[in-house]
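Structures are listed in the sections that come next.
Here come two complexes built around chain A, the first alongside chain B, the second alongside chain C.
Let's turn to the complex of A and B:
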């Protein structure tokens, strides 16, 4: 096919997808429902353009193969979600709540009524999940993303309190500063892993607790004053030029709290995807993750790539902190149980470590949280049921062997039947 | 300021604070010796702590609470065994998922059973009411109050350290468990099921983990608080590694962490140095990192720990 056509179709797809995402993510259903649906349709249209381009380039057989492949990769998570929702329903019924009313409230709240809260929840989760997923690719488990999150939040607050340049220069500087701090926080685990073999699960986990308890010290040094009731456990507000623009600045009806951090998260996810699958660095990191000895035999330095992977993972988790401070709160609260790091692990596992998949699972998790709150408010069902459903989803999705076992059992049964039939005929 | 009493108190507190870490660590030793990485310890402890407090509250009997803690810890650990041994799931992934599940489950049941989130209502009788001094021995200065004037689960932890060491190194089953972690194929060849040994290892760690949780909620405390384990399961992992995958080594390492914790509390209370209290809180965590970094090279993990073992069934 002609190259120009291909480029043009690509451009159309990107534009449709971008506008669709902005409309969809920025929409508040209560007043801007048209934007909400327009956004969805535009995203669907972008997907359609992609399929058309793919067919024109590779032919129909390839398209069918692609569809089959993506269906197969989606079927396990979807089955996990459905079964988990059923189990959660049974659990609610046993413990005396109405599962149908609860789930109605959950999905209505999460997808429609409080969609903007889902989006707000998703943004930091996407960042921390990208962090965990990236480390996974190098065969490392960055279980302490929570700690890097605090470092990023502290760095972003500190820089945003004092950096008074125009936003277009200032915000990127804060972004980079937060990322660098997060990366620096992982230097110790990376160093210990390479030099002594200390397991990163323990070192990053312990440093996460350290970072958690450093944040109150930082807050007290930057405006938090337990002696006053005005702001005992919170820093000063950051300078206005360092706040991320909110959707309401360019979209009518958008909720004033929804900020562009979610778009940033999606862009970073795409960049990470590119880094992992299209660059030399990504290739080396994946090679080390797959098989250390083989990578070493190819002349790839294992230590160097462990460093790279953990430092980039630290930077990504720190961006979640940047997102919360510069986008949502505009100050740093003392919150020792933020949990974005821990939840990021689930989101990354659910997406199978795929950076683009993380965007979707992040939105799913954010939706479940927002919907769960709405559900507990309107139907008095404890929102912790959502935590259990999440845990079950995760278990069913990561335990892929269940499905292999089921299909094997099914095949064996079929074989037996056919042999029985054959025997009967004979 | 630093008197004789201060030091004795510090050492007694060391034992008390190290007990949950000791228990979780010796459980993890058995588990990892059988070849299964158990970072679900945090979740197991949380489940144990929750059910111990609930049963102790409603029955009014802390001993029933203790049994409930052990029982539910074991049940929860079976999930880990099922996922890693039977479903061949990555051990670290399964552990992380179970930790998350435990947090959600206890939160939900908290609202359901207790009626409000946060901290459960105080139990009428705690195990700390059963503190007893062993005659004669408890009179020995320093050692006496440390080891012979304690509460029930602390005594149990002493017994379990000896019992587990004997079990691992002197019994046939212990040998089989160790073989499952060192060379599973060889074990299978002599006709012992690796699956069974690994299930057993995880189950034992679940029971001891549940006991550690019960210690937190009904002996060292009188109620359950959400997330009350606060990273102790991971510190126990560090103790296990620093202790060279040996129950006695793990106990000594746990004592070290308990000492750091006890010291930290005293620094906070007596304001010996004028620093923010958080600096003292992070002290044990920093120490854990240093310990893991410094001692890990000297100890060797079981050869097959963390690896999957799958028996190919012949199709018939």
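Let's turn to the complex of A and C:
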């Protein structure tokens, strides 16, 4: 196909997708508000443009193959979600709650009524999940994303308290500073891994606790004062120029708290996807992750790539902290409490380690959290049910062999039926 | 009398017809070989017999009675036993425990170990399969583990024993012992099917042989009246040259590659390469013969910079490369075909194209600047796929989906296409079938014809003799003897390989 056509379609797709995402993510659902649906339609249209371009470039067979491949990759998570929801329903019925009302509340709350909270929950999860997923690709388990997240939050707060440049310069500087700090936090685990073979699961987890308990010290030094009831466990508010723009600045009706961190998260996810699958660095990291002996035999340095992977993972987790401080809270609380570092592991596993998949599973996780709160508030169903559903989803998705077993059983059954039919005819 | 018979067995996999109308009979008390290249459908057929796969159509007749197995359990109950290529044993349990696992004697939850031990002992004595019933599997050699597998089948009263590539993991000595055991088993009434792709073995052990090619039976022969050449031709489907023709080729006098007084430690910090020196000239193949574990792999790793040398020099075109990293050595046009292709040669989940690019992924046509150029990578892969005759669905198929021979061709394509000055080839044909071996040998000789210095490390003397211009015998980390193929024979090389000393004055 003509190259200019291809580029043009690409541009159309990007524009549609970007505008759609902004409208959808920034929408607040209230009567008369139509951004929400407009956003969804534009995203669907962008996907349509992509498929058209793909067909024009590669032909129909390739398109079918692509559709089949992507269906196959989502069938396991989707089945996991459906089954988990069913089990959760049974659980509610047994314990005396109305599952239909509860789920209605869950989805109404998560997808519609409190959609903005879902989006707010999703942004930091996407960052930490990207961190975990990226390390996975190098065969590493960055279980201590929580620690790098705290470090990023502290770094972002500190820089944002004192950096008084115009936002357009200042915010990127804070962003970079937080990322560097997170990366630096992983230098020690990376060094120990390469030089002594100390397992990163132990070292990053230990350092996560260190980071967690550094934060009170940091808060005391930057405004927190337990002697007053006004600012006991929280820093001063950061300078206004360092706050991420909120959607309400350019979209009417948008909830005032929803900030552009989610867009940043999506952009970073795309960048990480590009880095992993389109660049030499990503190629080397993946080669080391899949088979470090073969990578080494081809002259790829295993140690260097472990360093790269852990440092980039640290930076990504730290950006979750940046997102919370500069986007949402505008100050650092002693108890961030959300456990985004730990939950990021779940989100990354659910996405099978795919950076783009992480955006969707992050939104799903955020939606379940927001919807769960709404559900327990309106129907008095304990929100622990949502935690159970999430646990079952993760279990079903990670334990892929369950799916394999079911599909094999299905095949056998079909085979038996056909042989039975054949025997009947004979 | 036919004890086992398959009638028109067809097994269709999603894209592959693995077995196509297979009719074979196994007579009571005979040794039957199933010969075929990798991917010919031998293992599929045996898995159908053993109840692991259900045939798409066709029937299995056992003792004159039509049977249908829905799991190996059924097959075992009807007297079939199978010894897989990869043993199914629990390392930490004893021989007795492994043998009785799944059909323990005794009542209820209590296992009668005394009876079990007695039974295992009797069984091993009756069939001449000596093995200590109380030894733990992890302490047994591979050959003994195989005996345990055979005992396991006999314990379950197998009348028919299927052995899948039984000699693949054995030393020549152990092969002899195994064959003795198989003959004893036959004489005591067990019928045996052996799956193999090795012609010598078929000649040595079988009574009768079926040749499988591309899922079909190509022929059935009595061993007494068939030659190795005929078997090879049936198996590959064309005439095969069992030893490739070697054109005489004058090597250039100036060595391209030199090792001087090299010392290398192995993983246990023991000296594996001990003051070793050698030279390789452009346009010659230097064969390193030796029994496995005499320092060959450490030597290869030291040459590639994967293992540090404690002393000595490695010279390429006269320049010392000992201080260079692996990447720098690759950039100096050293190519390396590693012994363990799946561990060191390929990244299995990567595509064929990516596997061809790896190592040179930092330059055209594989990348532009920091960004990979997938189009260029695939174009190059497509060219190499056709020039090296790699059987793959395409450049984007994962390397893991290819057969062993084609995986090796991917490595060959990658390494040979980089115009090396020096080529290190380590066990290039291990586990491959005749057709692939022939091809790989001819490619190695082609490199020699292009004045590449080739160093061939191999455990197979046949291979050393087929390819080498000079043979260096390696024993305990040293080159103990240099021989010329024309003036020596396998017996003499074998003598030096096992530590034989020259009778000098």
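Please note the rule applied: the second predicted complex is superposed on the first by the 405 of 426 C-alpha atoms of A that agree within 3 Å, B and C clash if a C-alpha of one lies under 4 Å from a C-alpha of the other, contacts with A are read in each partner's own complex, and residues count from 1 in each chain.
Here is the rule we use: a contact is a pair of C-beta atoms (placed from the backbone, for glycine too) under 8 Å apart; a residue touches a chain by one contact, two chains touch by 3 or more.
Bear in mind the structure is a predicted one, so any value in this text is a computation, not a measurement.
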- Query: After the chain A overlay, clash or fit between chain B and chain C?
  - Reply: clash
- Should A:279 be classified as contacting the first partner (chain B), the second (chain C), both, or neither? second
- May I ask you to decide whether A:382 touches chain B, chain C, both, or neither, giving the answer as first, second, both or neither? first
- Message: On the A-aligned overlay, A:301 touches which partner chain: chain B = first, chain C = second, or both, or neither?
- Response: second
- Message: A:346 in the overlay: touching chain B, chain C, both, or neither? Say first, second, both or neither.
- Response: first
- Task: Spot which of chain B and chain C makes contact with more residues of chain A, would you?
- Result: B
- Query: With chain A superposed, which of the segments 6-14, 150-158 or 186-194 in chain B collides sterically with chain C?
  - Reply: 186-194
- Would you tell me the residues on chain A in contact with chain B in one complex that are also in contact with chain C in the other? 412
- Would you pull the chain A residues touching chain C in the complex into a rising list? 278-284, 286-287, 290-291, 293-301, 412, 415
- Where on chain C is chain A touching in the complex? 54, 304, 306, 325-331, 336, 338, 343-350, 354, 357-359, 361-362, 367, 370-372, 374
- Mind pulling up the chain B residues that touch chain A in the complex? 39, 83, 87-90, 92-94, 96-97, 100-101, 103-105, 107-108, 110-112, 117, 227, 230-231, 234-235, 237-238, 241, 276, 278-279, 281-282, 285-286, 288-289, 292-294, 296-297, 315
- Note on the structure: Interface with chain B, chain A side, in the complex: residues 95, 141, 143, 188, 192, 196-199, 201-203, 205-207, 209-210, 213-214, 216-217, 220, 337, 342-343, 345-346, 349, 382, 384-388, 390-392, 394-395, 398-399, 401-402, 405, 412
